[in-house]
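To keep things clear, I will list the structure first and then write my remarks on it.
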Amino acid sequence: MQQPLLQLGVNITLFGMGIVFVFLLLLALCTGAMSRFVTRYFPVIEPMKETAGQADTAQKARIRKIIQLAIAQHRKKR
Amino acid sequence: MQQPLLQLGVNITLFGMGIVFVFLLLLALCTGAMSRFVTRYFPVIEPMKETAGQADTAQKARIRKIIQLAIAQHRKKR
Amino acid sequence: MQQPLLQLGVNITLFGMGIVFVFLLLLALCTGAMSRFVTRYFPVIEPMKETAGQADTAQKARIRKIIQLAIAQHRKKR
Amino acid sequence: MQYLINLWQTSGAYQITPGQFAMLLIGLLLLYLAIHKKFEPLLLVPIGFGALLANIPGANLSMPAAQAALASGNDELLKQMAQLLGAHSESTTSLQQALTLAPAEIHTQVTQLAMGAGFNNGMLYSFYAVTIASGVAPLVIFMGVGAMTDFGPLLANPRTLLLGAAAQFGIFATVLGAVGLSIAGIMDFSIADAAAIGIIGGADGPTAIYVAGLLAPDLLGAIAVAAYSYMALVPLIQPPIMRALTTAKERKIKMVQLRPVSKREKIVFPLMLVALVALFLPGAAPLLGMFCFGNLMRECGVVARLSETAQNALINITTIFLGLAVGSKLAADKFLEPKTLGILLLGIAAFAIGTAAGVLMAKLMNLFSHNKINPLIGSAGVSAVPMAARVSNKLGLESNPHNYLLMHAMGPNVAGVIGSAVAAGVMITMVRAMTT
Amino acid sequence: MQYLINLWQTSGAYQITPGQFAMLLIGLLLLYLAIHKKFEPLLLVPIGFGALLANIPGANLSMPAAQAALASGNDELLKQMAQLLGAHSESTTSLQQALTLAPAEIHTQVTQLAMGAGFNNGMLYSFYAVTIASGVAPLVIFMGVGAMTDFGPLLANPRTLLLGAAAQFGIFATVLGAVGLSIAGIMDFSIADAAAIGIIGGADGPTAIYVAGLLAPDLLGAIAVAAYSYMALVPLIQPPIMRALTTAKERKIKMVQLRPVSKREKIVFPLMLVALVALFLPGAAPLLGMFCFGNLMRECGVVARLSETAQNALINITTIFLGLAVGSKLAADKFLEPKTLGILLLGIAAFAIGTAAGVLMAKLMNLFSHNKINPLIGSAGVSAVPMAARVSNKLGLESNPHNYLLMHAMGPNVAGVIGSAVAAGVMITMVRAMTT
Amino acid sequence: MQYLINLWQTSGAYQITPGQFAMLLIGLLLLYLAIHKKFEPLLLVPIGFGALLANIPGANLSMPAAQAALASGNDELLKQMAQLLGAHSESTTSLQQALTLAPAEIHTQVTQLAMGAGFNNGMLYSFYAVTIASGVAPLVIFMGVGAMTDFGPLLANPRTLLLGAAAQFGIFATVLGAVGLSIAGIMDFSIADAAAIGIIGGADGPTAIYVAGLLAPDLLGAIAVAAYSYMALVPLIQPPIMRALTTAKERKIKMVQLRPVSKREKIVFPLMLVALVALFLPGAAPLLGMFCFGNLMRECGVVARLSETAQNALINITTIFLGLAVGSKLAADKFLEPKTLGILLLGIAAFAIGTAAGVLMAKLMNLFSHNKINPLIGSAGVSAVPMAARVSNKLGLESNPHNYLLMHAMGPNVAGVIGSAVAAGVMITMVRAMTT
């Protein structure tokens, strides 16, 4: 049983690592190509905006700040 | 098989449409009666208010506006 | 069947009430001991703060108040 | 024309029984109490509406597939079911009985037969299976309650745990009462029924539903309705008892201000409680475990987002489906029985006895301690959080306009939650030992 | 090397069928419509993405365990399955057929065999089973829709319920159309299929999914896609029909302002609706029951936290999984059929006929009443809330820049939701009576 | 008196085993680390508390009904179970074994027998079945993580994907290590065990739980604890390795500022990733599919309410039950084994090797490119988002107070998430091919 287990382990390691590497390399190449394609053929005309997600987060952070300031003021008044 | 299928379809159409119509007519009559009953016997004494739901939505919209204004001011300051 | 049911009921009542009492008494003793232990060996150096939970609630209440004030002002302006 | 007759015969107006009509009225009554009288609306609105849905004739929303198939009265199907069940008669009633008694394997086969014939589990039945039969929903709500509970007042004055213990006497006295009614031949409650009825005296909704779901599912509807209704009626039930058992002087006792409690104590407390459960009361582990878990999430300060969700989205979602599921147990054939009347009577007795026991315990403790307790906070030991504590406060202010008892009463109030969970654990363990 | 070959043979690029490739493109098209054209994105984004996942070759995400085992082509396993199923051939196709026809008991055994051999239910299949096959998700969404619906405009002018009734003619005309296509031999729709296709004309997503899930699960994907796409296309489909059927003068009719509606009326309305359902239409009880429950939670004012959760966390969670589950029904072998084309054509006819019926009904009502209705609000009776009401408003403003019809159109708009739920209930009851 | 003895014998203090006592201490240790040391508290608080509950003696919260029945030691019941299982001995241990080996059909019968005798599935067992055994909870969490992930830095510099790939070497080296320990006879890990242990090196909680739930459920507790603990320890584990493998000059490399990334690129990226998965890696479809779905909901901008729910209510609810379910696998008999020690050792090796591989890959890439990468960001490729990126930033600032690496390190950081999901997919596919 020992010999096969070693072989199985080696197989998983070699093929697994190989596939992870090849897949992410392929993804990197496709991503680069996609970015060039999008920025060339679908350039953004409106001024660069943050994405919804980021804006959300950023906005939330700002709102939190504002509310904290308001609370601070509120507390002072008391 | 064809004759029965046609008949089934016609039955569904006639009875279905009939029931939908009768049911909603009945609902309309009941609704009218209910409204008259409620407004006559349980008149609202307190000044007409928006329902909770509407108030919620309206209030949320207002809060959103206020917060947006606050954010705008906040941004100007920076 | 009647005799046993009575006995079962009496057993549940006596043992149940006894255990509830003993368990909560034990909890009271342990709690007292724990509080003495914690306040003696792990005194709080930072100024006494409200717990997160309370703070949350309190803060929410305050925020609600502030927002209500803001809405009131907003309404006046309109 | 055949279709019109058929539609009329499947309509509710044709099929409705007097019982179902009565239950629809009871559903409306519960909604009225919830909406207009503000009786524990978070539970009673879903329960009341569930009761309406459960009693729509012909909709079978609270039936499993097999039962819906039985109710359909399809001859061919009934014959097949009778064969599977080995029943001699094909009457709906006798098949119903045979189905209840059938072993799990046969039951599965009957269900598969019914589903094959196009019958599905009713919507409310599905909600019941997922939330209550599994036991999960009351536990999740108890976790949320834990996350909303502040043990500060209890930690500042741990003696009040004894008040919470004493008030559970209402539970056990009611068990005896139910047993007594059975022995007197007035009602027919088993020991499991009696235990489930007693827990109404715990004045704690999720605990009552959890125990009833395990020990007496058929009585669940009445027990839950009684528990929530009486919790809402606490401001009416308790004051006369509290006044009768205390002197004016006792009601004026002013209690020393509570010491501040550190965050560390609040973190250690739920862990200590779960440790004691582990050592002495494994039967109470599900309820108190989830309760302590919720409280630890609240107090530990590092999982605020989980605690927030447990107190809001999760408990709300669970409440909606739990309420509808409880409502599904308000079907006419189960609810319109003399037993329900017995449950309602025993339930109010449970609240009254628990209130009295809490007050008397406070007076007893004052005999042995010179740090006096205002006996008005004893009644808060039944739990009914936070209503009972507010009642204590109100009566305190009546006697002495500067005597704010609210925070003092919060101690026995949350102690009562622990107390009834302990009682639930003990009763579940004992009843199981008795019935197997 | 063996592993490389093996990996290549299990890869999608090796296994992909032209059908799957086409479905991946259709999934991308749905996402494009949802994201770029804003076609009902809340549903079409999950549906479109679900379609991508369902068509990943070799991943079998939308298959139950037994089917995944069949698809694996493992000889040993197929032999055992053939034995259980009593099938003579061991070809995947014939086993597939035998599995579909097998009684529940055998089906369970085959599933246990497949699971024992390491096959699991695909992720999307699990989502489908929990959300749609159980019928729960559309009902929960309908509850949330109820909690978002304001019946004020309808209560102020209950006559508009008739517009909502008339617009449901689109549903039934389409049923006839589907039957006609079958009789003509062009398509092969059963009566259950025809009913499920008709409901597209209800212009109401959850109702369509609920009915299709019960009556025609195989067509569910096409029906849901058609329903949501056409709802998004309402601003293109309706205006030409509305213009063709009305005169310029009719379009200028100004309606009297709606009276204010009291909170009490809003509380009583859902209860009254559920009572009428109980009396006359038990088949519509699940859909309208949950809808009224949501609306009661909204209006009663005492369970704001439950209402808020029903409108947000709960409906959002349900939408995510419902959308993915619908997407799982966009697998190539079910969707790429002539039937789908038929469904798409019938669906648009349903919308058009419903629109016309609503407008004509308004004109008919004007013949008998001197309190004139602007017939442009009749088209809102198809539902497609709130898009159809906005279309009415827009066309009103075109004819007369001071004629705001939005609030008036909200009446028939929500009436259309009730109308299609009623139609759904009737059809489910009738089809079941016809097929058993 | 009999009852008192009985209660004492069912109490935890009477029944507790040294193993359970040790596990209670370990649960407390996990809570201490989570609360006081802030070790990934969102998961470790529920896991730690789950460990406490799982080890309450006599409560059997983490056992299925059949096992609870076995543990009860009821002679009559054991006899019946032995008959069903065809076992000769009626000892608990041998029945336990027979039950594990029994085919699904027999297993169902034994469970029905146990439930008929009043035994239920333990609460934590139910949570485990619903969340982990079904595979759903890790996928839902991964969807939420996708909705929280910003691929902007990765899109601005896609080369960093290679760093995320290299850091997965930790996974595969650990697989070899586990195999080596087995061959050396020190431990007894199967190939499935080895793969599940390796995934700890992915530094990604939900991926680790997903893989372990599929390949090695018995080791799940130890694997999850190791994964989350080491993720929290990243600031201690990584810096020495990063310093040892880089020169001071390398650590001072300043990277060019990242270009802004358009919204369209961010929308296309998850679709492209899922397309590549569809073509080449169907085994990774569940994990990466849900991840990309979450990310698309975030970026597409038209389903903000779904994205918000996926990031908050839904992920929080899932985290609570997932954590408790993981905790249920910390029962004494499974966790207190030498294997656990092996897993802890292999896990830390996995983190160390992954860190080193990431750093070395960056150095290798610098040999072939004149647009230099600061090798300190290589270590972020293990994922452990966002801790590892912060560590890169901190070490960068130590060397050069103006060198902010945080955004640059986010690229490999999220690449590492993709990388370990890919590795998970490959390993699941390969291990299944090997073991069937």
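Which chain is which? They are A, B, C, D, E and F, in the order written, and residues in each are numbered from 1.
Just so we're on the same page, contacts are C-beta pairs under 8 Å (C-beta built on N, C-alpha and C of every residue); 3 or more make two chains touch, one makes a residue touch a chain.
On a predicted model such as this, the values are computed, not experimentally measured, just so you know.
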{"item": "Listed pair (C-F, C-D or A-E) duplicating the B-E contact set, over half by residue number", "value": "C-D"}
{"item": "Most distant chain from chain F by Cα centroid", "value": "B"}
{"item": "Relative to chain E, chain with the most remote C-alpha centre", "value": "C"}
{"item": "Computed distance of Cα centres, chain D from chain B, in Å", "value": "34"}
{"item": "Centroid spacing, where centroids are CA-atom means, of chain A and chain F in whole angstrom", "value": "20"}
{"item": "Per-residue multi-chain contacts in chain A, two or more chains", "value": "11, 15, 19"}
{"item": "Multi-partner residues of chain F (at least 2 other chains)", "value": "3, 7, 280-281, 300-301, 308, 313, 430"}
{"item": "Of chain E, residues touching chain F in the complex", "value": "3, 6-7, 10-13, 16, 24, 28, 31, 34-35, 38, 41-42, 45-46, 49, 52-53, 55-59, 61, 74, 109, 112-113, 115-118, 120, 123, 126, 312-313, 316-317, 319-320, 324"}
{"item": "Chain F to chain E touching residues, read off their complex", "value": "103-105, 134-136, 139, 143, 267, 271, 274-275, 277-283, 285-286, 289-290, 292-293, 296-297, 300-303, 305-306, 308-310, 313-314, 429-430, 432-433, 435-436"}
{"item": "Residue ranges of chain C touching chain F (in the complex, touch as defined)", "value": "11, 15, 19"}
{"item": "Chain A residues touching chain F - in the complex, by the definition given at the top", "value": "2, 5-6, 8-13, 15-17, 19-21, 23-32, 34-35, 38-39, 42, 44, 48-49, 51-54, 56"}
{"item": "Residue ranges of chain D in contact with chain C within the complex", "value": "147, 150, 152, 154-155, 158-159, 161-162, 164-166, 168-169, 171-173, 175-176, 178-180, 182-183, 190-191, 194-195, 260-266, 268-269, 272-273, 276, 280-281, 298-301, 304, 307-308, 415, 418-419, 422-423, 426-427, 430-431, 434"}
